[in-house]
Structure formats: C-alpha cells, structure tokens
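Each structure below is given as structure tokens.
First subunit A sits with subunit B, and in the next complex the same chain sits with subunit C.
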Partner chain A sequence: MRILMPILFLLLAPLAGGLLDGMDRKISARMQRRVGPPILQPFYDVQKLFAKQRIVVTNSQTFLMITYMVLIIFTGCMFYSGVDMLMCFFMLSTAGIFLYFSAVVTDSPYSYIGGQRELFQEMCCEPAVLLTALGFYILEGSFQTSDLIKADRSAILALPGFFVAFLFILTIKMRKSPFDESTSHHPHQELVKGVTTELGGSNLALFQITEWYENVLMLSVVALFILNKNPWSILCAVLVVLATYFLEILIDNTSARMKSQKMLQLSWAVTIAAAGVNLVILILVR
Partner chain B sequence: MWWSIPFLIIFPMCIGALLYCIHVQKVRKGIAYVATPAIMAATIDLVVTYFNHGGQPVDLYVNVPAASHFITAGEIALMIFVTWKCIRAKKYWISLLSIVPTIMIVNMEFKLGEMEAAHIRVDHLSLLMCLIVAFVGGLITIYAMGYMDGYHQHHTEVPERRHFFFMVVYVFIGAMFGFVLSSDLVWIDFFWETTSVCSFLLIGYTQSEEAVTNSFRALWMNLLGGTALAFGIVYFETAAKASTLQALVQNSQDGVRAAAICVMLMAFAALTKAAQLPFSTWLIGAMVAPTPSSALLHSATMVKAGIYILFRLAPAMSGTMTGYFIAGIGGFTFFMTSVIAIGQVDAKKVLAYSTISNLGLMVACAGIGRPETIWAGVFLMMFHAISKSLMFQDVGATENCLHSRHLEDMHGLLYRLPKLAVFMFIGIAGMYLAPFGMLISKWSALRASVDSKNVLVILFIVFGSATTSFYWSKWLGKIISRTMHNEPVKDITKKNEMVSLSIHAVAMVALCALFPVVSNIYVHPLLAETFGTYTDVLSSGIMNMLVILILVVFLVPLVAYLSSRQLHTNMKLSYMNGANCGNDNTFTDSFGDPKKLHMANDYFTERIGRHALMVPCQLAVTAAIVVMFCIVLGGVA
Partner chain C sequence: MANVKRSPWLLHYDASSCNGCDIEVLASLTPVYDAERFGVVNTADPMQADILLVTGGVNAQSAEVVKQLYDQMARPKVVVAVGVCACTGGVFKDCYNINGGVDTVIPVDVYVPGCAARPESIIDGIVKAVAIFQERSDKHDKYVKEHGESARDTSDPDAAARDGNPADFFNALGKKPQEHTDHKEEK
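And now, the complex of A and B:
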C-alpha cells in the first residue's frame, strides 16, 4: 500500500486533475450559456504547449518552475504513502515558495505583482491548513494519513468547523474567483495573468500539470474528512469531493475578485470562527 | 582538572580590562586574535573534560566562601556603578531598581551565611550555551575588530571609544559564561545584573541623545527583571534554606509554595531579558548601537540568557499556572511581533522583530515545559543563534557597501553583491524553510501544545507561522529579483568579516544537514538531564523522513538547475502591454516618454507597523502579567 498508492497518485492525479479541469470549463460554459470546449480540452492544451518553444524572461525561471512541480508532486506522494500530514503541509508551503520565486525572479511587472499576491494567499491559507492537520491529530491521536483512514467514524462528524474552514481556503488554494488574486482567468484584467504571465510554452504546461496535482491533493484532504474504515465511505468521499468541486465552480462563476486585504480578513475570520471554535470544543470534550 | 571554568569566566574579563587600557588598534586586534581562539579552545577543553567524565552533570565548588564574598563585593560595585550612572543622567528612580535588590541579596547573604551546595554545575544545557557564547560570540568579536574601523570612518560624529567598546564586549562574554555555568542563585543573580549593565553600556555607545534614551530604557526594563529575580531568590532561600537552581526546580515540582513563587518571578525576569512583550521595545531601541553589539545581543548573549533560564525552569513550569501564562505570552509575542515585522522596511528592524518573534516561540516552548517542546526550543535556539549572528553581520556588511539597509535597496542583491546575498539566503532559509530548524521545531511545538491542550498557543503558533513565512519569503524574493539597477556595487567587505560570515554559513548548513545526529547524541541526553525520565520525542520514522526531506529540498533545485541549463530556451522581454522601450526596465508612459520601471513590495506599514500595534499589544500582555502575579501570589494555583 505504502508504495502502490504514491505510484497511483503519480500516474492518475494528472488524469483526474485534467478531467476535473475539463468538467470545470464545460460547467462554467454552461453556466454562462456557452457550449464550452470538450472535456478533454485541457489535455489538448497541455500537449500543444509542450510542442511550443520555451519562452522565458530570465533563465532561472525554468529551474524554479521545475522545482515547484517536483516538490508538489513529492508532497502528494508523501500524503498518499500515509506519512505525517503536518509535515506534508509544511512541504506544501515550501513548494509554494518556489512558485513565488519563479514569478518574482523575472522582475516583470505583472508577474511580480502576481507573486506578491501568491505569497499573500499562502498567508491566508496556512492557518486553516495547519489547523486541519491538528484537528485530525486531536481526534485520532496521529498525524499519519494511513491511520486516519482507518477511523471508526468519519472525521467530519467531529470536525465540521475544520471542514468549513478548509473549504473556504480551498477556493484560495485553487486560485478561483473571488480569490483569484495571483493569477486571473482572463488576461484582459488589471493583473494580466499574474504569476503565469511570463511562463511561456512548456513552462506553462508544467504549471498547468502542477496545478492538477495540487488540486487533487487538496481534494484528497477533503476526502480524508469523510473516509473511515467502512469501504462504502470511499464512494461517499468521491461524491463529497465532486460536490465540493461543483461548489467551487459555482462560487467562481458568481463572484467578482476581492481585494487582497479583505481576503486576509475574511479567511482568517472564518478560520477562527469555524476551525478555532471547533478546536476549543474538541479540546474541552476530549 | 576543571581549570577551564574559572578561566572562561575570569579570562574574558581580564582581556576586557586589558583592552580598556590599550589605545592602539593594531595591538588590540592582536590581543583579540589571540584571546578569542583561547576562549574557544578553553570551551572545547571543557566539553572534552565533561565527556571524559562520562557526560553526566557535575556539581563543583561546594565550599568557596572567598569566591562568594568576591561575588557579593561585585554586586555592591555594580550597584554603585549603576547608581552613579543614573544620577549623572538624572534618572534617579532607575537606581532604586539596582539598590533595592542588591541590599536585599546582601542582607540575606549575611543572615543565612554560606550554604553547603554546589556553586557551579556543568551539564549538557550549560555546555551548549558555552559553545554558543564562545563560538558565535567569539566570531562576533573578530568581526567587530574589522567592522569598528569602518564604522568610525563613516560616523565621524561618534566619539572614538573603541577601547571601551571592546572592554564591554569581553566582559559581557565572561559574564555569560558565569551565568550559564552557575548553579548558585546568588551567583546567577550577579551575572544576570552584569549582563544587564553590559548591554546598557553597549547600547549607549554612541552617546547620541537617542542612544542614551534607549540605553536607559534597556537598563530599567532589565533591572526590573533583576529586581523580580532578587525578590524570588530571597523569598525562596529564606523559606526553603536551599541555594541552587536545581533545588529550586526540585522544590517547585514537589509543590513547595515559595519555590513556585520564585519560579514565577524568575520567569517574569526572563521575559524582560528575552525582550518579550511588553518589554520588546528595549531590544528594538538597541538598534542604535553599532552592528556587532546588535549581533551580540540578538544571537549569542543577552536574550539567550532569558531563554536559558526558562529552559532550566521548564520542568517546574510544566502544567502550572505560571507555565500556562508564560506559554501564552510567548505565543502572543511570536504572532504579534511577526505581524509587526511584515510592516518593517529597514532590514535591521525586520531582524529585530523576527528575533523577538522567534524568542517568543522558544518562550512558548519553555512554558509548555514538555520534553518535546524543550527539544524544539533547543533546536530553535541553535538555529537562531547562528542564523541571527550571520544575518546581522551580513546586513552590516551590505549596509557598508550599499549605504542603506532599506529592504527595497536590496532588490537584485544576488546579482550585485553575490557573496553577501548568498550568505543572506542561507541565513533566512535556515530560519524558516522546510525541513530546516524552524519547521521541525514548529512541528514538535504544535504537537506538544495540542497534547497539553493549550488552545491559545496552538492558534498563536499556527497564525504566527503564516506571518513568519510571509516576511521572510518577501525578503528572499527581493534578493533574487533580476536587478534593474544595473550599476555595479563594489564589495568592500573586509577579510575578517568574510571569514566570520563564511564560518557561520558553513555551520548553518552543517547544522541543517546533521541535525538528526545532533538530536541523538546531544539533545536527547540534555532532555534526560532536564526531565529525569525521557522517551523519544521523534519516532525514528519521522527522523528518517526528515533526512529524506532534507535531501529532496537540497537536491531537487540543484538537479533542476543543472538539467534546465541544457534546455533550449528563447529569451524575450517581459510583458508590458507592448509598451517596452526595447528593454525590461523602461516603458512608454501616457505622455509618450520613456519611464523607468520600479517594482516594490507593499509593507502595509500604517496598518500593521510598530505605531499601530505595539502599544495595544503591550497593554494586553501587561494585563496578562498582572493577572499571572495575582493568581500565583494569591495562591489560587
């Protein structure tokens, strides 16, 4: 299991992430009364990007981007091999710093602003992400994801506040509107494409694939809230993950971008009000 | 046999006195280049002797009335000196903070007489402190020898008193050795006051109005802590008829009330010394002094004294009301000062706030007082000592080259002052990037605070962790941004400064790479000594994973870098809506004229700067301290 699961993640996560992305585009299009691209369009895009030449502003962008990708994939493999969850999250934030580096190293205006905002987003997410790991630890007495899936009951029953906080920051992590601060969906906005502005050709393809891995990893944490030793919980988790993703698409299509300081206030307030309160109750009860 | 102990305490003080008398810089340098290695060698000798004795704690100097009388005389001399300084500066009330505790201590000495107990104790923790003081502090003295020359060339308005400066530095180092090796409470008090006075003298070095104000602020805050310490010691010794730190901890664990109160007062004193809120302002004010003294105060001496004493008291604080409050105050300081650090644009200020913030995390670890947290705290202390010393020296050297320490002026430092930028990168990365010191310590501290059910500390660490990453990453990004100021900068860093910087950088990387080993062979015995029984903090699984993580984080960027060099890339100008003027730095503005591009970070200074947050935070923590005093002295807990 410890070897198999990471390998499965390595192979299947981009497929799942790409398909989710394709569904995202289709559903978004339908919400906007368009036909939308085929489901497999993201794969065609990436394939085409790889065929293009690698355009950079400064050479070090490429190696920073590759590092970002490898570290995210590594973190995902760690998570799936059942090791310490808190350590995974620390690795995740370290990986994120390389994305920031690859953006600011260019000194290009839009990329630089995107990088600043990416860092800001990290700061908004981190408390909720770390608290999630701690919530699981209090509940099950372990940080090991391999132990967590063997619980008697789904964690969400005891950790609803943590779940809410995590869903909230998931929108930030996925860089979806209203929190698409660091990279916008449409290049005609004030930000152009933020962190990805200066990523050209295959570098952009790498970023796209990394995003798929990251999304799958984050949704896996959502699934962890549902999973227990009962095999049927797997089906349940898949449904919850799909529902979560649909919710993200809905939020994305119905809201306008928020100012970053507002985002900080809101995300921390939700973290305290939901996860913090849940934490106090959990500690008092235990 | 144990000759190195008196040597380490007395020798630096003698060197200090000698340097005071010598006014030729070349001779001074010669003396320092001999004395500092001698101190390092003596420390090594102490370590070797200790391990030849089986590596068990050793109690020494049981019956030494002469030395005790000497210490008492020293206390009185310090009191007279402080009183004289205060009267000259017309700050009469501050002298009370020296007179009252000294009279109390001396009075007690006469009443109780000399007790039959060890005055010196050598164990893993004190040895670790000795190593930090000798090596980090020693390297700072060497760096200072070069730095102070340049300093007086640039700052002609400052009166030339280098002989005085070096004297204080060496006396400071001697006092730190005395402090960490003493086990007798009165001795501890004496060395404690000595470090307070030394820091006061260092901060006031330039004699400018600001420096004098700040130095007296540092003095009264630290003497206030010293007063609390003296009250605690007198109360405990009179009530329990015991005179050592170990007896204090033991009594407190046995539930002796006088001991518990003394522990609380000592912990309060440690808060002042470790510059925790509400006493953080003295360390910020200490920035007016020349860089070596900042480095000394922040990394090797002074603030570490506060942390050291808290680690000693940790078993006594674990699970008590005192521990709960101390952990809360530390956690709060960790979070709030890291927020303030985001708002700073001056590199030295960022370092100052980050020191306070990191110390806050160590204080929180000590307050929780479990083996895991002390493990985390000890590592934090090691990483912090090396990193901060490196950073201060590096920022000082960078300032000499750039004539600025504004963060925005460090844009693209990697391409302008590559050596200094790499050192800076190592120093910062060692402070917070996974899987180095800070992160594993945070991991351990978080788990332990969950186990001890301290909700406030959990929240403070979680949020503080986010803000800490933010300001460090922002700084790192600034260094690596491809430069737009293409004018070359001449690296005028002196050779002895470079030597010190290189040694620090190597030590930092070595500590990162070797820390599982250090943990096993050094920190585990340290915990066993502190807590008696002790089980493994980190399972071997976690340790193995850490080793893998270290490899991954080192290797992935390296391999990616090497392999990406072969990739064929097409270099283009950065995107500026098609308004570039043929290069990356200029664009056509709305009048059709070329305009220079300037990218800067946002620091949110008005909202979260020092002026907005410091006073409310100080008030909140002062209230918490008052409540702690009421609860512990009132006997509720």
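And now, the complex of A and C:
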C-alpha cells in the first residue's frame, strides 16, 4: 500500500486533474449557455504546448519550473504514502516559493506582480491549512494520513468548521475567481497572465500539469475529511469531492475578482470564525 | 506528429481599428458563435499565442508594436488580418498616417474581408488559419525529428511566409527596416 498508492497518484493524478479541468471548462461553458470545448481539451492544449518552440526569458526559469513540479508531485506522493500531513503542507508551501521565483526572475512587471500575489495567496491559505492538520491531530492523535483514513467516524462530524475553512481557501489554492489574483484565466486583465505571463511552450505545459497534480492533492485533503474505516466512505468521499469541485466552478462563474487586501481579511476571518471556533470546542469537549 | 489543430490560442491586437472589427472578434467568442468549441482561447499573452489576429490598418505608432508582437510569438505561428482595414487599409487607405494593411509590416496568411468582418467569417478565417498552423507544426515536428530535440528552438517553419515581406513602410518612415529578430538575441 505504501508503495502502490504513490505510484497510482503519480500516474493517475494528471489524468484525473486534466479531466476535472476539462469538465470545468465544459460546465462553465454550459453555465454561460455555450457549447464549450471537448472534455479532453486540456490534454490537447498540453500536447500543443509541448510541440511549440521553447521560449525562455532566462534559462533558470525552466529549472525553477521543473523544481516546482517535482516538489508538488513529491508532496502528493508523500501524502498518498501515508506520512505526516504537516510535512506535506510544508513541502507544498516550499513548492509555491519556486513558482514565485520562476515568476520574478523574468523582470516582467506582470509576472512580478503575479509572483507577489502568489506569495500573498500563500499567506491567506497557510493558517487554514495548518489548522486543518492540527484539527486532525487533536481528533485522532496523529498526523499520519495512513492513520487518519482508519478513523472510526468521518472527521467532518467533529471538524465541520475546519471543513468550511478549508473549502474557502480551496478557491484561493485553485486560483479561481474571486481569488484569481496571481494568474488570470480571462484575457484583457491588468495582469495579462500573472505568474504565467513569461511562460511559453513546454514550460507552460509543465505549469498546467503541475496544477492538475496540485488540484488532485487538495481535493484529496477534502476526501480525508470523509474517509473512515468503512469502505463505503470512499464512494462518499468521491461524491463530496465532485460536489466540492462543482461548487468551485459555480463560485468561479458567479463572482468577480476581489482586491487582494480584502482576500486576506476575508480568508483569515473565515479561518478564525470557522476553524478557530471549532478548535476551541474540540479542545473543551475532549 | 502533434495534433495542434484542436488548440489554437489567439492573440488579438487592435492596430488602428475603429473598434467595429474588435467587437466582432469578441462576438465570435460569445454564446451565439462560441469559438471556444474549437478549442480557441483568447489569450492576452503573445508568448502563449499561436494565431495573431490584427484588426485595423497599420500606422506609424502601431507598426513597431505589430512587429514586436509577431516576433514575441513562439513558432509556429499564423497571422490573420481581420476586416478590410487590416487587409488593405480600407476606407483609411489614403489617410496621411496610414500605411496600409498589416502585410506591410508582417506576413499575413489569412485575409478576412468585411467592414466590419462578420463573426461567421472571422471564425471561418480562424479555421483556415488553424489548417495552416497544423501544416507548419508538422513541418516543425519533421525538422525536430531530423535534427534532434534541440532544433525545437531553431526550426523556423514560418520563414517561407516572411520571404518578400515588404518593408516600404519603414523606408517611408526614414527608418531602416529591422530584421525579424524572432528571439535570436535571447539565446
């Protein structure tokens, strides 16, 4: 299990991530009453990006991008091999730093602002992410994901506040509107393409694939809230993950971008109100 | 050979358009026409674009920009001139500041007529451009196959299109027509 799961993650996560991305674009299009691209569109895009001429602004860019990718994949593999959850989250933040570096080495003002905002987003997410790990620890007495999935009851029953806080920052992590501060998925915005402005060809393809890995990893944390030792909980978890993803698409399509200051205030407020209160109750009840 | 025709990403630049054609370009992405069903993405980033859509004729200020955008795009790339202004200069042809169509600065592959060009014909033009894009990409792939992976940066499938590209405009401006740099200095 310890070997098999990370290998499965390595192979299947980009497939699942790409399909989710394709569904995202299709559902978004349907919400706007358009036909939309085929479900496999993200794979076509990546295939094309690999076929194009490679343009780099500075040579270190490719290295930083690959490091970012490797770190994210490694984090995912760690998570699936059942090790310390806290460690995984630290690795995730480290990976984010490399994305920041790959944006700021280019000297482009757009990608520089994107990089700054990427760090800012990281700052908004971090409290909720760490509190989530803490919540699991208080509840189950372990940070190991392999122990957490063997719980007697689903964690969400005792940690609903943490779940809400995590869902909130999931939108930030997925860089979706209203929190698509660091990259813009839509054209003609002040940022051009944010952190990805100076990425072209295969580098952009790497970024895309890494995003799929990261999305699958974040959704796996959502699943962790549901999983318990009953095998049926797996089905439950899949349904909850799909519902979560749909919710993200809905929010993405119905909201305009928020100011980054506001994002910080809001995300910390939600984290304290939901996860913080839940934490206090958890400690008192125990 | 990579199948690239399912994923054409557009870069739209307004050279001196009256905005009529720009509105129509955007219209072709709206629910009624929905060009995204062909995989079209309207990106604002030249580095990520495959097809350059230019609207409006070229004047003294936009000539340099058009050329720079073209040079910044990764090969293979295709250029589409949208509207009669972009094709020939249109009603503004004889204005003192207009040089003419986009092809006075960069090579144009597809001309979409109309004032303003209809969304249907713009999509038609994009579909034509996509076929050219695939053709060049195949050429690019073949070159890379023959010369190794490092040739991905040097292969120039668009070169033929650039042959005989008029540079009168820069002459008229009293400037030396610049070589198409096309990322060479960055290497």
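Note that the second predicted complex is superposed on the first by the 286 of 286 C-alpha atoms of A that agree within 3 Å, B and C clash if a C-alpha of one lies under 4 Å from a C-alpha of the other, contacts with A are read in each partner's own complex, and residues count from 1 in each chain.
By definition in this document, contacts are C-beta pairs under 8 Å (C-beta built on N, C-alpha and C of every residue); 3 or more make two chains touch, one makes a residue touch a chain.
Just so it is clear, the structure is predicted and the values come from calculations on it, not from any experiment.
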Next on the checklist: With both complexes overlaid on chain A, does A:Trp268 touch subunit B (first), subunit C (second), both or neither?
Outcome noted: first
Checklist entry - Of the partners subunit B and subunit C, which touch A:Val57 in the superposed model: first, second, both, neither? => result both
Checklist entry - When the two structures are laid over each other on chain A, which of subunit B and subunit C touches more residues of subunit A? => result B
Checklist entry - Where does A:Val192 make contact in the superposed view: on subunit B (first), on subunit C (second), on both, or on neither? => result both
Next on the checklist: Contact-wise, after the overlay, does A:Asp45 reach subunit B, subunit C, both or neither (first, second, both, neither)?
Outcome noted: second
Checklist entry - Of the two partner chains, subunit B (first) and subunit C (second), which one does A:Gln32 touch, if any: first, second, both, or neither? => result second
Item to check | Partner chain in contact with A:Ile66 - subunit B first, subunit C second, else both or neither | outcome: first
Checklist entry - Thinking of the overlay built on chain A, is A:Leu204 touched by subunit B (first), by subunit C (second), by both, or by neither? => result second
Checklist entry - Which parts of subunit A are in contact with subunit B and also with subunit C? => result 53-57, 192, 197-198, 200
Next on the checklist: Could you list, by residue number, the parts of subunit B that touch subunit A in their complex?
Outcome noted: 412, 433-435, 439, 442-443, 446-447, 450, 453, 455, 458-459, 462-463, 465-467, 469-470, 473-474, 476-478, 480-484, 541-542, 545, 549, 552-553, 556-557, 560-561, 563-565, 567-577, 584, 597, 599, 601-602, 604
Item to check | For the subunit A and subunit C complex, residues of the former touching the latter | outcome: 25, 29, 32-38, 41, 44-45, 47-48, 50-57, 187-189, 192-193, 196-201, 204
Checklist entry - Within the complex, which stretch of subunit A touches subunit B? => result 53-60, 62-64, 66-67, 70-71, 74, 78, 83-84, 86-87, 90-91, 93-94, 97-98, 100-101, 104-112, 115-116, 119-120, 122-127, 130-131, 134, 137-138, 143, 192, 197-198, 200, 261, 268, 272, 276, 279-280, 283, 286
Checklist entry - How about subunit C: which of its residues touch subunit A in the complex? => result 2-4, 6-7, 9, 12, 30-31, 34, 36-39, 41-45, 47-48, 50, 74-76, 137, 140-141, 152-153, 155, 183, 186
